[in-house]
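Dropping the structure in here first, questions after.
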Amino acid sequence: MKRIEDFKSIIDRYDVIFFDAFGVLKTHSGLVPGIERTFAYLTAQNKEYYIVTNDASRSPAKLAQSYHDNGLWAVSPERIISSGMLTKEYLDLKVNDGIVAYLGTTESAHYLESTGIHTMPVRDIDASNIDKVNALVFMDDEGFDWFSDLNKTVNLLRKRTIPAIVANTDKTYPISQTDLGIAVGGLAGMIENIVGKKFIQFGKPDSQMFMFAYDIIRDYRPISKKQIVMVGDTLQTDILGGNKFGLDTVLVLTGNTRAEDAENRITATGIVPTYICASAVLGPEALGL
Amino acid sequence: MKRIEDFKSIIDRYDVIFFDAFGVLKTHSGLVPGIERTFAYLTAQNKEYYIVTNDASRSPAKLAQSYHDNGLWAVSPERIISSGMLTKEYLDLKVNDGIVAYLGTTESAHYLESTGIHTMPVRDIDASNIDKVNALVFMDDEGFDWFSDLNKTVNLLRKRTIPAIVANTDKTYPISQTDLGIAVGGLAGMIENIVGKKFIQFGKPDSQMFMFAYDIIRDYRPISKKQIVMVGDTLQTDILGGNKFGLDTVLVLTGNTRAEDAENRITATGIVPTYICASAVLGPEALGL
Amino acid sequence: MKRIEDFKSIIDRYDVIFFDAFGVLKTHSGLVPGIERTFAYLTAQNKEYYIVTNDASRSPAKLAQSYHDNGLWAVSPERIISSGMLTKEYLDLKVNDGIVAYLGTTESAHYLESTGIHTMPVRDIDASNIDKVNALVFMDDEGFDWFSDLNKTVNLLRKRTIPAIVANTDKTYPISQTDLGIAVGGLAGMIENIVGKKFIQFGKPDSQMFMFAYDIIRDYRPISKKQIVMVGDTLQTDILGGNKFGLDTVLVLTGNTRAEDAENRITATGIVPTYICASAVLGPEALGL
Amino acid sequence: MKRIEDFKSIIDRYDVIFFDAFGVLKTHSGLVPGIERTFAYLTAQNKEYYIVTNDASRSPAKLAQSYHDNGLWAVSPERIISSGMLTKEYLDLKVNDGIVAYLGTTESAHYLESTGIHTMPVRDIDASNIDKVNALVFMDDEGFDWFSDLNKTVNLLRKRTIPAIVANTDKTYPISQTDLGIAVGGLAGMIENIVGKKFIQFGKPDSQMFMFAYDIIRDYRPISKKQIVMVGDTLQTDILGGNKFGLDTVLVLTGNTRAEDAENRITATGIVPTYICASAVLGPEALGL
């Protein structure tokens, strides 16, 4: 583990950079100031980059739009690898017909629809259609009534022996400077515990996220894991997952891990990043400005 | 472990009988038919009995009322030991002033009120009063908005270092022949997991429930654990807890454990009741009818 | 939570003091210097005291002897409440005949023997006697071969549906200034996880420990929980357990919890002692010296 | 989920077959009788196959040798994908110098040696070399003294902030018709729980196993996940992992899952194989004999 002052020196060392989104590129109050310079430099240097994010609330196109709306044009849809995309791949490969019941917004389900499967919110499942339900997906914490639909979900899973897929394993997400919201991964964990079944979980630290990104790169160029670095703010997801997949990793201090806690948390968890760096932002001088 | 045909022979062997409520005395559709004969026999034989129940939704008086409404007058308030009563004792002993925030119905909170502490639903906690909150209690799964109040609870516990008390550790409860509801213990488990703190949990199988009942008896008569038997329908709460406290135990098959599964579940869990008996109901002949 | 400079002011406030042993009265290198003054003061003030300790390696008599050998005569056998004593009570109440197989030293088993049950080390269980084994107890991490006897224990529990009792739930214990040893509770946790059964666990933070001590006091004098304080060095056992039982609690900083970490750990765990005090030692002036 | 009588019809449907080893190809008493016909048919049909196994005790060469010794020549080293190989890849990518401490036999370590890193059994770590230890690997349950070396491992991980890698996550393995042995994954789970750190775990159901095999195939031919089927005897590893990776799966009943339990366990766990088939063995008629 090395402390590095200058994120530029990290970029210079690798050919491909994987970025976590929340806490690295943006926070609850918008883009991390100056992050556009990092992408300008990446482009100038012909480096590849991907956003590897636990998010199933929207399609990559919609996720990219939110960066564009803030003026960061470098994050295009094909640069985004989300845990929602793994859910979609799973359904494409493993569920051939029938209904996929979901917890989440219509927008999160719309995105799955494109697989040709019929999606239906849990609230609309009843005796007339329950036998056609072939999978259940936890997409988002919004878009449904927690009391009635979480109770319905418990009973759906007791009546039907079907795969339950968690499209984002995060338990919480930041909603303001001080407050967290319970994420769909937190709700799914409660239901999994209650019904005693084993759910299929997508999202960092699971390797399948990194593999998905890695495969996309290999489709158009040769690459080795040694040439890739994962940049994240969370030891338990970004750094643990990146390490396990065999990548070098950078812990930045603009999100979940505060500068004053970093070493203590590394010691306590045993999750060791290759580098620690204050942020993923480059100074203007990096661009010769 | 012995299979016993006749619940009467069990009563005859002990001086005090502890009954679980749900699945033993009543089900979602009312009292277990004939259970009034068991209490008639207990009374005729001068045996003591207590209902030892994971329930914090109402006071013992209200719980007893629900039996009276169904014609079972033998279950008087002083015969009921609920996990809610342990919560009340905890607050009486350990919380001296300020606000006790709660998740549950007003009825469940009213019951705590009698301790002289000011209770307040989580939805009413805000910047003006959060510093006065000295405890949080999970009383019932009803009486609040799950989305807004569970999220609020997470942030309350991140801002205040206070005890969080779970007044009923059950994760689910039956709401019909086929369906379960998520109980407050299930919700509390999710929050405990999210905030990473250690909650104070009341309810079987924890020994404190049995001790509370045992103490009440000892206030008016000498008793040894050998003279008490615990009757329940659930291995993980009634039987495990009774065994650990040192009591003999009877598994009845009118609730959570079905006759055809009983032996398999005993083998799988390693939780062994002293006896298995079809139900806690006596035939009319037991009363000489 | 209040920081208190002077342990004497705590003693003065209560009628009965419960002490944890390790980290409070002694450490790996012997008695905490000056602790004899605390007991001299307790005696002078006619205060009651008990040592409430997760230890099943020896009988109370042998445990007391180890204090006497170090010159602390105040700790007599009848002042010691150990998790081993709860195991013994369990066996007395619940196991009537046959063999109790054990993992631990002969000394730890000898102590159970007095219940009239036949104890036998796991290594001596074979096809000729396995059908007579009616309970398994985890007493100590020493006295057996870990490889052969832990493997044997797994298979014993797969073949016999019997209660498995963990006589000390601690996962580790200190063996030097820097090193820990794996305690029998750590080994039992592994076996419980592997066989998927539910073990009966004795030891703080479980209330049954406190209840056992409380009952002993009530045999000879009236007492309320308000008059008792629990003194310990470990949040997860001494303080959580004491709080839950309804006692006031004191965290001392002579053992597992270091002064510089105390507040952080209280915040992180949500386990809040009534007081924090540097140690349970009184200065000479407390005795008028 | 479909019950299929004839394993041949499964082979005919896919281009690549992944087999679990234990419980599918062999049992504690040797090869599953007739399994050589399955490989003869695969060869005749020009189908690809891989053995995907949680095993880190030996190199692929040694594992293959054990099949050859039993007359099954079709299982050559390059057909074997073991969790040990992922450990080796991890060390190659992430640990550049120093000592890799290990628990296991010399044979299991010898295999890692080839990466150019210096391996050393935990028993030989002492004050003179502990600062050079840059990783710890759990390879096998044999080859070390459980008492002294597991205790040493706990203290090594408390003193050094280094990655701990579990090369086989299985908790047990069969050692006879009736008995299990504790596997290195069971021991590692205990240590992880005790030290409170996060270990890097390799082995099914983790996707990285399947990805490793998938990558090897893609090096020499185009393939889609739809063309591959995973055959295993264990729901929690083979079937869950195969499903999650997006493969079709076959549960065979020659190992951990007995025919009479299969449906119950599928319902209880919610892990649903694409097919259930009595075994992976073909009848002589499949080969036209």
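In order of appearance the chains are A, B, C and D, and numbering begins at 1 in each one.
The working rule: a contact is a pair of C-beta atoms (placed from the backbone, for glycine too) under 8 Å apart; a residue touches a chain by one contact, two chains touch by 3 or more.
Molecules present, by chain and UniProt name: A, B, C, D = TIGR01459 family HAD-type hydrolase.
These numbers were taken from a predicted model, which means no experiment stands behind them.
S.K.: Following contacts chain by chain, what is the lowest number of steps it takes to reach chain C starting at chain B?
M.R.: The fewest steps needed to get from chain B to chain C is 1.
S.K.: Relative to chain C, which chain's C-alpha centre is the most remote?
M.R.: A
S.K.: How many angstrom between the C-alpha centroids of chain D and chain A?
M.R.: Their C-alpha centroids are separated by 28 Å.
S.K.: Hey, how far is the Cα centre of chain C from the one of chain D, in Å?
M.R.: One centre to the other, that is 41 Å.
S.K.: When the centre of a chain is set as the mean of its C-alpha atoms, what distance in Å lies between chain A and chain C?
M.R.: 45
S.K.: At which residue positions does chain C touch at least two other chains?
M.R.: As it turns out, chain C has no residue touching two or more other chains.
S.K.: What pairs of chains are touching here?
M.R.: A-B, A-D, B-C, C-D
S.K.: Residue numbers of chain A touching chain D in their complex, please.
M.R.: Counting only chain A, the residues touching chain D are 1, 89-90, 93-94, 157, 161-164, 195-200, 206-208, 211, 225-226, 236, 240, 243-247, 266-272.
S.K.: What part of chain A is in contact with chain B in the complex they form?
M.R.: For chain A paired with chain B, touching residues are 145-147, 150-151, 154-155, 158-159, 171-172, 178-182, 186-187, 189-190, 193-194.
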